[in-house]
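Following this line, the structures themselves.
Here come two complexes built around subunit A, the first alongside subunit B, the second alongside subunit C.
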Partner chain A sequence: MSHKVVIPIGPYHPLQEEPEFFRLYTEGEKVVDIDIVIGYMHRGIEKLSESKHYDQTPYLVERICGICSNAHPFAYVNAMEDLAKIEVPERALYIRTIIAELERLHSHLLWLGLAGHFIGYNTVWMWSWKYREPVLDILEAITGNRQNYGMMKVGGVRRDIKEEDIPGVRKMNDDLIPVLNMFKGAVMDDPVIQARTKGVGILSKEEAVNYSVVGPTARASGLAMDVRRDDPYGVYDRVEWDVVVRKEGDIFAKLVVRVLEMYESIKIINQCLEKMPKGPIDLDLKDIPAGEGIGRVEAPRGECFHYVRSDGTNSPIRHKIRAPSYMNVPSNKVAAVGQTISDAAITLAAVDPCYCCTERTIVIDRQTERKLFNGWDLVELSRKKTEEIKGQKSG
Partner chain B sequence: MSEPQNTIKEKFAKQILNFVEHNPRRFYIELAPQDIPAAAKFIFRDLSCRLATASGLDTPGGIEILYHFSHDLSGKIFTLKTLIRDKEDPHIESITPFIKAAEWIEREMWEMLGVHFDHHPNLKRLLLAEDLPEDFHPLRHDQDKERNEP
Partner chain C sequence: MKDLFYYLIFPGFLFTGALGIFASWFDRKITARVQWRKGPPLLQPLYDLIKLLGKELILPANSSLWTFLVFPIVGLAASALASSIIWLAFLFPEKGFVGDVFVVIYLMGLPAISLIVASFASANPLASQGASREIKLLLSYELPFILAALVVLIKAQSIKLGGLIFYQAVNGLGIGSFSGAIAFIVALLCSQAKLGLVPFDMAEAETEIMAGAYIEFSGPLLAVFRLTKFMMLVAAPLFLVGLFLGNVAAGPGAFLLLILKYLAVVLLTVLIRNTNPRLRIDQAMKFFWGPVTLLAAVAVTLALFGK
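Presenting the complex of A and B:
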C-alpha cells in the first residue's frame, strides 16, 4: 500500500522571495500531486485603481511587480489608447519599445541567475547577476531609476531619451553579446546543467493549451505565440526580429528560449535607436471618453492583460489586471507531478514566477543608536549616483 | 478560410444579442448567460483560441462577466459578454470543466463578486483570507456603502 507524505514549500520559505504555498504530495522520491495556494500578497490594486484618476494609475500599476514594472503601465496605456482610440506620437512608441526590451534583458538575466541558484550552480547565479548590472545602470541613466521607471503615460511617455544617452545604450548592447555567447556556450552546453534540466518538468503542448499558458513557458512547449508579433503594439511591427520557439517543453527548453530571446531584444533595441524619429513624445491628453479598452503587452514572463471600462468620468469603473504568472503557475500541477522532490524546486521556478524586489534601508550608528540617513538623505544619495552613472555612460 | 469573427457570427446567429467591432482586432459579443458555455467551448476548441482571462463587473443592471479569448493566429481578442440580472443570488455555468485555464479566474470572480459558478470542480477562495465573512465581496459596489456613509 502506498503512503503519501506531504512536503510543504511555503508560504514563507528560503527558496521563495515571495509568499506562495506549494503542498507536494509525495510517494517515496516522487511527487504525485500538488496543491497551489496563493493570496498572501493580495493588495487589492484593481479596487484601488477605481479610486485613482487616469494619470495616477500608471504609477499604481507600476508597483504591481518589481521586475516587470514597465509591463503593467505599458499594458494599461495600451488599454486606455484602445478605449479612447488615440494615435500616439511615433517617437514615444520607439521609447516605449526600447524600455520594454531593456526590461526583458534584465529580467531574463535575473531568471537565469535564479535558475542557476535553484539547481545549486551558484557560479551561474553570480555571473548572470553581475552582467545584469550594466542593463540596470542604463535604465537608471535613461529614466532615473533601476526599477519603476515612471515612463508610461496615456498618450505618450514622460521622458525623452537624450542624444547623449544613446552611445551608452549601444555600448551596453555590444558588451552584452559576448556575455550571451558565453552563457550559450558555458551554460547551455554544460553537461551538469543539461542533466538537471533536460527531460525535467515537461509541460506538453496539449497541457500548455489547456492551461492557456503564456510567454516563454508557452514558447518552450511548442506554442508559437508572442503578443509582440501577434497583436503588435509599440513599434514591434516595424523592426526585424524572431519569435523563439522550442518543442521539448522541459526546463532546458525554457532556458534556451530565454537565452536566445535576449539576442532578439538586443536586435530590437539597436534598430529602434537607429530608426527613432525626432518629434513630440506626448499628446498632452485632456479627457477620456466613456467606453472600454483592452491592452496587452508581452512582458518578460508572458502576456500581461489589462481591461478598462470608463463611464466618462475621471476614474475607471472597472480595471481588470491579469499578470502572466496567473496563467503559468497553475501549469505546475502537471509539470511538477511525476518528478522527484529534488527537481521540484527548479520546476516550480521554471515558469519564472514574479518576485517583487523592494528593499528598504536604515543606516544606524551603533554607538549612538542614531539614524544616519533618513528618507530624504537616501533620495539625495540615489540622485547623486544617477548623476555619476549618467556621467560615465555618456562620457 | 473565413475570418474567425464571421465563423462565430454564423454559428451563434440566433444567440448573439449584440456584436460590436470596436476595431479590427477587438470584438465584443454579447450573449445570454445560458449560451456562454457552448460559445466558450466552440471558441476555445474549434477556433483554437486561448483564454486570456475574464473580468467581472458590478453594474446597476446586474453582474456583468466578460470572457476574453485571444486568437493568437490573427492577434484578435473575442470578448464574450453576459449579464446576470439576479444580483441577490447570481449563478452561471462554469466553463472550467472543459477549459482548465478558467479555474483560478472563476474562483476569483466568485469571491470578489459573489457569482456562483455551477459545476465548478473546486470552488473555494483564491486570494481572500479564509477568515473574512462569507458574504463579503470586495468588488461589489454596495460593499462600500457602510464605509462611505457618514
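Presenting the complex of A and C:
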C-alpha cells in the first residue's frame, strides 16, 4: 500500500523568491515523483522584442534575468552580428569577455551561498555573498550598475573600461583567489558537506544527454561542453583556460565545477586585461540587412541561445530565446526522484535555477560625501511617488 | 506559596524567560558576527515575542483544536519547570529530591513531545513531515543523552542534582576526568539536537519544509513556542553545566561564575550551529545511534572502572 503525500515547493519558492512550482509526491521522507510547473514568469519578451528597434532590444533582453543580465544581451548582439556579418572592434570583444566573466564570478558566488543556505549552512551563505560584493563593486565601477550593466550594443560596447579602473579589477581578482582557496578548503573538504552532497541527486551522463542539460549541470555529469570553447565568441579563443569537467553528476560535482570555474574566470579576466588592445569600442552601425542570425553564449548557468530574423526594417520579425535554466530544470525529474525531501530541496537548487533579485541605491551628497537616502527616506520617496500617481489618476 | 514563587518568578518562569531572551540575543549576535553581519539589538527577541503576541491566531480548519491549543502550553510549562528545578539545585543544593535528575531529563523531553503532538494536530502535510522528523530525532538523541548523564551519576553515586553539584565542589569538575570529557561532548551534541539547532534542525528545516512542525502556528501560539525555545536554551545548557561544570551558586561571585560557564556552553552550541550544514534525518539517526551512542557507552564503561 502506498500513501503519497504532496509536499509543495512553490508556487512561490520560499527561498529563491521566484515563482516556480515543484510538486513532490512523497512516501515518508522519500520523493517518489515530481511535477515541475514553470511558466509563471512569462512576460512575452520575444514578442515585445518585435516591437522594439534593434538598439532597444539589448535593454529589453537584459531584463530577462537580473543575474544573467549580460549573457542575454551578449547572445543577442552575437546573433545580430552574425546576421549583419560584421566584424566588431577588437577592444569591444575584450571588454565583452571581461564583463561576461565578471558576471560568471558573481553568479557562481551567488549560487555557492544559496546552496549553503539550502542545506542549512548559513555561514557559507553569508560569507559567499560578502565576498561577492567586491565583484559587484567592480562591475558597478566599470558599468555603473551592479546588475543590468547596459554594456552590450550591436557592433560594440557602450562604455570603455577606463585605464584607471583596471588596477581595481586586478586587485579584486588577486583578492578573490585566497577567498576561493578558503572556500575550496572550507566547503569542498568539509566532511559534513560531503555527506550532504556526495552521491546525492545524481544526473548520469546518459540522462544529461537525454534531457539536453547545459552549462555546469552538464559539465558535472561528464559532458565536456562549453560554448566558449566549442563555438568561440568574444575572445575566448585567444586566451588560455580550461573547461572544468567532473564525471560524478552529483551535487558535489556541480559544486566543484562551479568553484573551479571561478579560478578559470579569474585567469581569463587577467589575460584579457593584459592583451586588451587600444582602439575604438564601437562600430557605428547604421543598417541591419534582411537575414537571420544566431548567437550563443555560455551564460553562468549554461548555453544561452538567441535567434533573430530581420526583414530589413528597423525591428526583428522574429526573436527566439532559449535560456539555460529552461533546459536544466526538467532534468530534476530524474535527479530529484528517489531522494529524500532534504536532498530533493538541494537537488532542485543545484542546477542553479535563475532568478532576479538585486536592487540597491545609494544617493551621496558630493560636497559632504554623506549618504542622503536611508531606507526610510526611500520609503518616503516611494510613498510620495505613489501619492503623485494617485493625484494624477483622480485629478 | 514559596514553591509557586520559585516556579513563577525566580528562578522559574520570569527569570528563565528573561535569561532565555538574553541567551537568544547572545546566539543571534554571535551568529551575526560570525557571518559578518551586525546582529540585532539586545531586546530584539523580546520585541519579536511581543509582536507575535499581538498577531492574529489562525486556527487551521481541519485541526484537532484542543490538542492544537493545549500542547504548546504543556511544552512551555515543562521547560519552565525543568529550568527552575535545575536553578534551585544550584542555589540550594541541599534541598531538592532524590531522582530529580531523571525528572529534569523527562521534563526536557516534553517540549519536543508537545511539538510533535501539536504539529500532528495541525493537519498539515509539511507539519506532519516535520513532526515525524522530530520523533526520529527524539528517539535517536535520548539514549546517548541519558548515558552521558549516567557517567556523572556513577561518579558521584547520587541521583540528586544537588548531590552532583556537591560532589563536583569536593572532587573537581565532572568534565575533569577522561570519561567525563567524553560524556560532555556526547551531551553537548544531544543538547544541540534537543534545542533543534543546526545541524539537527531538520524538524523545522525552513529551506526544505518551510518551518515544518511550526508551519500552522501563528500569533500567540507561535510566541509560546518561541518562549519554549528560549527557556530550553536556558535549561539544556544549564543542565550540562550542572552535570559537568557544576559549582554551588552561593554568593554573587559564584553566581556570576555559573552564568559565565552557562554562556560558555551556549557559545559552544552557537559555534557548532554556525560551522555545519543541516544533516539529513537518516544521517542524524545513524550519527546518534552509531558513533555517539558508542562513545557514550565507552564513557559509561570507563566511569564504572573509575577513570
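One rule holds for everything that comes next: the second predicted complex is superposed on the first by the 356 of 395 C-alpha atoms of A that agree within 3 Å, B and C clash if a C-alpha of one lies under 4 Å from a C-alpha of the other, contacts with A are read in each partner's own complex, and residues count from 1 in each chain.
Assume contacts are C-beta pairs under 8 Å (C-beta built on N, C-alpha and C of every residue); 3 or more make two chains touch, one makes a residue touch a chain.
On a predicted model such as this, the values are computed, not experimentally measured, just so you know.
Overlay on subunit A: subunit B and subunit C fit together in the combined arrangement.
Of the two partner chains placed by the overlay, neither subunit B nor subunit C lies in contact with A:Glu18. Once chain A of one complex is fitted onto chain A of the other, the partner contacts of A:Val6 are limited to subunit C, with no touch recorded for subunit B. In the overlay built on the shared chain, the residue A:Lys130 is in contact with subunit C alone; subunit B does not reach it. Touch criterion not met for A:Glu62: it reaches neither subunit B nor subunit C.
Contact with subunit C, but none with subunit B, is seen for A:Glu29 once the two complexes are overlaid on the shared chain.
Seen from the CA centre of subunit A, the centres of subunit B and subunit C span an angle of about 120°, rounded to a multiple of 10.
With both structures placed on the common chain, the touch criterion links A:His117 to subunit C but leaves subunit B unconnected. Once the two complexes are overlaid on the shared chain, A:Glu140 sits clear of subunit B and of subunit C alike. Once both structures are fitted on chain A, no C-alpha atom of subunit B lies closer than 25 Å to one of subunit C. Residue overlap on subunit A between the subunit B contacts of one complex and the subunit C contacts of the other is empty. Partner subunit A is touched in their complex by these residues of subunit C: 31, 34-37, 125-126, 128-129, 132-133, 198-199, 201-202, 205-210, 274-283. Contact residues on subunit A toward subunit B in their complex (touch as defined above): 38-39, 42, 44, 46-47, 82, 85, 209-212, 214, 223, 225, 227, 230-232, 292-294, 296, 303, 305, 307, 309, 317-318, 320, 322, 326-327, 330. Residues 22-23, 25-26, 28, 48, 50-53, 55, 57, 66, 68, 70, 72-77, 79, 99-101, 103-105, 125-129, 138-139 of subunit B are the ones that touch subunit A when the two sit in their complex. Subunit A meets subunit C in the complex at residues 5-7, 14-15, 26, 28-29, 116-127, 130, 190, 192-193, 195-196, 340-343, 345.
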